[in-house]
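Down below are the structures I want you to see.
In the two complexes below, subunit A is the common chain; its partner is subunit B in one and subunit C in the other.
Right, the complex of A and B next:
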């Protein structure tokens, strides 16, 4: 039971980085499929397609950010040694990681789909690039909210 | 290959579909040379050589099908579009052989065969002429002997044609149901309705009785053949109202509004083609709906039809306003 708290906290960090990263990979894959289709017909749209394809990648970054935050809180970065955690504190850190893990995973997939639709839109109306970015960016809002929730929750957990 | 890629690529290809402004310009051409020059700026230019425009137009659609074959995940979607051309070829070959059997040595019309079918037209010709039907798909193995039997009994080419059409729609529906895509199945059923309505209009002009006309209607549509046949006992002006419970009913409003039946018939025929495109148009709002493949092909076919109408009008010096009315609203 000595390391249960630490294990739970690390499990939370792993979930945040892994689930949000998987979601981003899927989202970027979906948008990439659309980008490849459009660029087969018009290679000049590479720049616009790349921006839209990259949008679902942010959730993976948010997940990584939370994982670093947790590792820092646990004292695992910088070589100072891990802080002592009881299982209750570990569970609190795990719970703090869940918003970005779950919302990041799911929102990245849907953002990928919206980006794919936007890529199809600019294939017909290149002048609508601004609008095409705003639509998938709306999905991003909820990933940002989840990121904030995870950060605020983590800041509230007392360790050491 | 996913449908996200497929649909995105189709969106790119849609940019090359000829629009109404181009057809207006084509219609305004002073002569065929000017029209051909205008077409020279389009993808049709690579196929135009000499005066055989039909072959050029078919080549363009064939090239489109071949291109789509390389990236559409379900080949059956293309087959649904191409299947009518297979059955057209079967009709051409059988009618030719009927004439040959009847003593007309020049009965065969290979020039009417389309390259757009899924079965190579040369292979189909060999199969039918050598009576080796075993490898033929879409129920043709059983259908062709039945056609011969019917011909021997009745010598009625129209009855044979009807038998072939019945099988064509059965095969289309089977292909669509096999795809497990409800929108595609619905489209095939609407196509059957559209074909039945065309038949109903023709039969009404010939003053057919409902009971006798029943055999002309195909099974599988959203409107039962019985109900189609019942239309014949009603004045054509009321058909639109009688079918108002179906979306396709509004297509018949031309019969109600126009005093000139000839004009009304061409309007309805054009509207039915447009309607079959509209049925699939909701797919435009999806980034990965497979129905977009069929929608693109139908739009391309409408474009080809418009090119044909425009060229015939310009080459034949026909009334341009009448020609404009015949143009489909493909894009």
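Right, the complex of A and C next:
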């Protein structure tokens, strides 16, 4: 049972990177489909479509960021060797990873749907690009808040 | 600063000079033509004629640019072109070019080439289909004329049939040939095991049993294959013929493609210039068609910024003595368009307002009000001195290299130039330089970095969170003050106090109270805060019950409901925590990249190379993705939290009659 803490913490890091990454992949996929459809009509919209498609990609980055944060905290990067962790601390780190894992996963999918709708919007009204960017960004707010929660929780957990 | 004052101009002139007048108004780029009446059907006759003549030219130009542009190899890269590297021409040069260029003959040449290419393509596809068919008919040992002509008594048919039916089909034909000789079945070689595949068969038979043969074919599910009438020799002979013609056609096809790109290379530069020319004329005539006419005179009405009025007036009066220009201030019932007019420091931020919605003509222009906040927010979100230097340097390089950028592009780039300065400042005070590059790779500079640090998000994020929320409160309170000012300006004193100033006092008071109790402000701020918050709450409570008379119960309920609205302010304020999160995000992504670079450096022999690639590539990626976030999120704070307090937009943007400059820079 000596490594249970470490395993729990790693499980948390894996969830953060994996779930948020899956969400972003799905979200970007949804937006990409819409973008490809619009570009068959008007290839010149590639630039604006790409920006809108990239918007749901940040959740995956937030997840990766938390995963690295955890690995760094555990001392697994840089060859200094892992810190000692009891199962309680491991569970705490796992809990800290959950906000970005769950919210990142789900919000990226919905952001992707909003992005797809925004892409449809600029296909008809290219001048509405500003509004088209803001609508998906409204969804991302909650991913940002989850990221913040995860960061603050992780900083609060004492290890070593 | 703010929304530019406009004049309403009424211009009367003689018909003989209408085209010069139109050109002058268009070249000034300062006049937005007003429709004299909605849904005007009858256009002035002189202009109607010009429009229909111009439309013919325009359709030729459009045809040419649609056909030739895809095969045109532009010597100027697309990015350079976007940043203003395009030929400069004047309107009179374009006019000369237009009179010199025989668009019709270019169109004819292009159409001829296109037509021929179309024919070649269809012949080629026919030849390819036939070659494929011949490959399938290779099993047939006789000349193919048996199918197409036959002999006096014999003919043949070809078709495909399922492999499992072949035996039955043969047997049935065998029964038929008992009575009539000369029936022969040829079956293409096939794999016995695959029952579902289609197999080619050919049947040679006597003309006398045509109908019986067809019956058998139908019964066994044979689907006929049409053998083209031109086939005469054996399949091999025919294939050779087609192979020769395919090579010939392919050669022809590539010749025609070369010819088309030659035409493109030769004509596209002129076509692009003419496209701008005829599009300019088209918008000129269509806008001027809103004018009124009498037998000899015309009347055009337009909006004109006050500071351009004198210049335009002089130009118009120089054309002819037979013009009369009257200018007046907009009447109260007019809804003039709005043109943002800001100094060189705030002008780059105009685009942020325009992306949301232009202000109404008599409304407040929020641009100078949001500019400093956006500047600070962007800096906090990107928040890295190294990234700031990269962005700043890149933009300076672009400005140095491209001198002819359009004003809009230049202003947009300038926005990022300005914001890179705040990014640098925040990067220095938060100790972020390409993430933790200094700590990881240049330990000698650590003391310098640390001495400049004022906040440390990495070890003390609560401090930065507090700062973010405080900035948020300032931003929101500023918004409330603007709302109050706007209402006072319109004489709505009660609403200004009840709706905006009350909340301002309530929240500012609570903030003072909190900061005073937390020891961040002198203790007497606790009392000031209590008084302000109390007074604000009382006003909110009373104002909410307005119009309810002496219905005390109703007033109490609506008062509490109004105070419950403070939760929405709580949400607004917490929204500013994204400033910490995004700044943190870019710092940590930078850290991760440095870490990966450091790990890569341990690879034997090539480690340093991999490390450099990882670090440079990674930071470029990080800059791009973080700029996107640092643009979008501060913008949301402006649009949702800040504008929500006072700004609705709702104005029509000023869209003057201008020259079309899609491909070239047109000067008057």
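Throughout what follows, the second predicted complex is superposed on the first by the 160 of 160 C-alpha atoms of A that agree within 3 Å, B and C clash if a C-alpha of one lies under 4 Å from a C-alpha of the other, contacts with A are read in each partner's own complex, and residues count from 1 in each chain.
The rule is simple: contacts are C-beta pairs under 8 Å (C-beta built on N, C-alpha and C of every residue); 3 or more make two chains touch, one makes a residue touch a chain.
This structure is a prediction, so every number in the text was calculated from the model and none was measured.
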| request: Following the overlay on subunit A, give me a clash-or-fit verdict for subunit B and subunit C. | output: fit
| Counting residues of subunit A in contact, which comes out ahead: subunit B or subunit C? | C
| message | Let me test your reading of the model: by the given contact rule, A:120 touches which partner, first (subunit B), second (subunit C), both or neither? | response | first
| message | I'd like to know which partner A:84 touches here: subunit B for first, subunit C for second, both or neither. | response | neither
| field | Partner chain in contact with A:144 - subunit B first, subunit C second, else both or neither | value | second
| message | Contacts for A:41 in the overlay, against subunit B (first) and subunit C (second): which applies, first, second, both or neither? | response | first
| message | Rounded to the nearest 10 degrees, how wide is the angle at the Cα centre of subunit A between the Cα centres of subunit B and subunit C? | response | 50
| request: With the two complexes superposed on chain A, say which partner A:130 touches: subunit B (first), subunit C (second), both, or neither. | output: second
| request: Determine the nearest approach in Å between the Cα atoms of subunit B and those of subunit C after overlaying the two structures. | output: 8
| note | subunit C partner, complex, touching residues on subunit A are 51, 54-55, 57-58, 61-62, 64-65, 68-69, 72, 77-78, 129-131, 133-134, 137-138, 140-141, 144-145, 147-148, 151-152, 155
| said: If we count contacts the way the header does, which residues on subunit B are in touch with subunit A in the complex? | reply: 2, 4-15, 71, 287-288
| In their shared complex, at which residues does subunit A touch subunit B? | 30, 33-38, 40-42, 113, 116-117, 119-120, 123-124
| task | In the complex, go through subunit C and note every residue touching subunit A. | result | 352, 354-356, 461-462, 465, 574-575, 577-578, 580-582, 584-585, 588-589, 591-592, 595, 598-599, 625, 628-629, 632-633, 635-636, 639-640
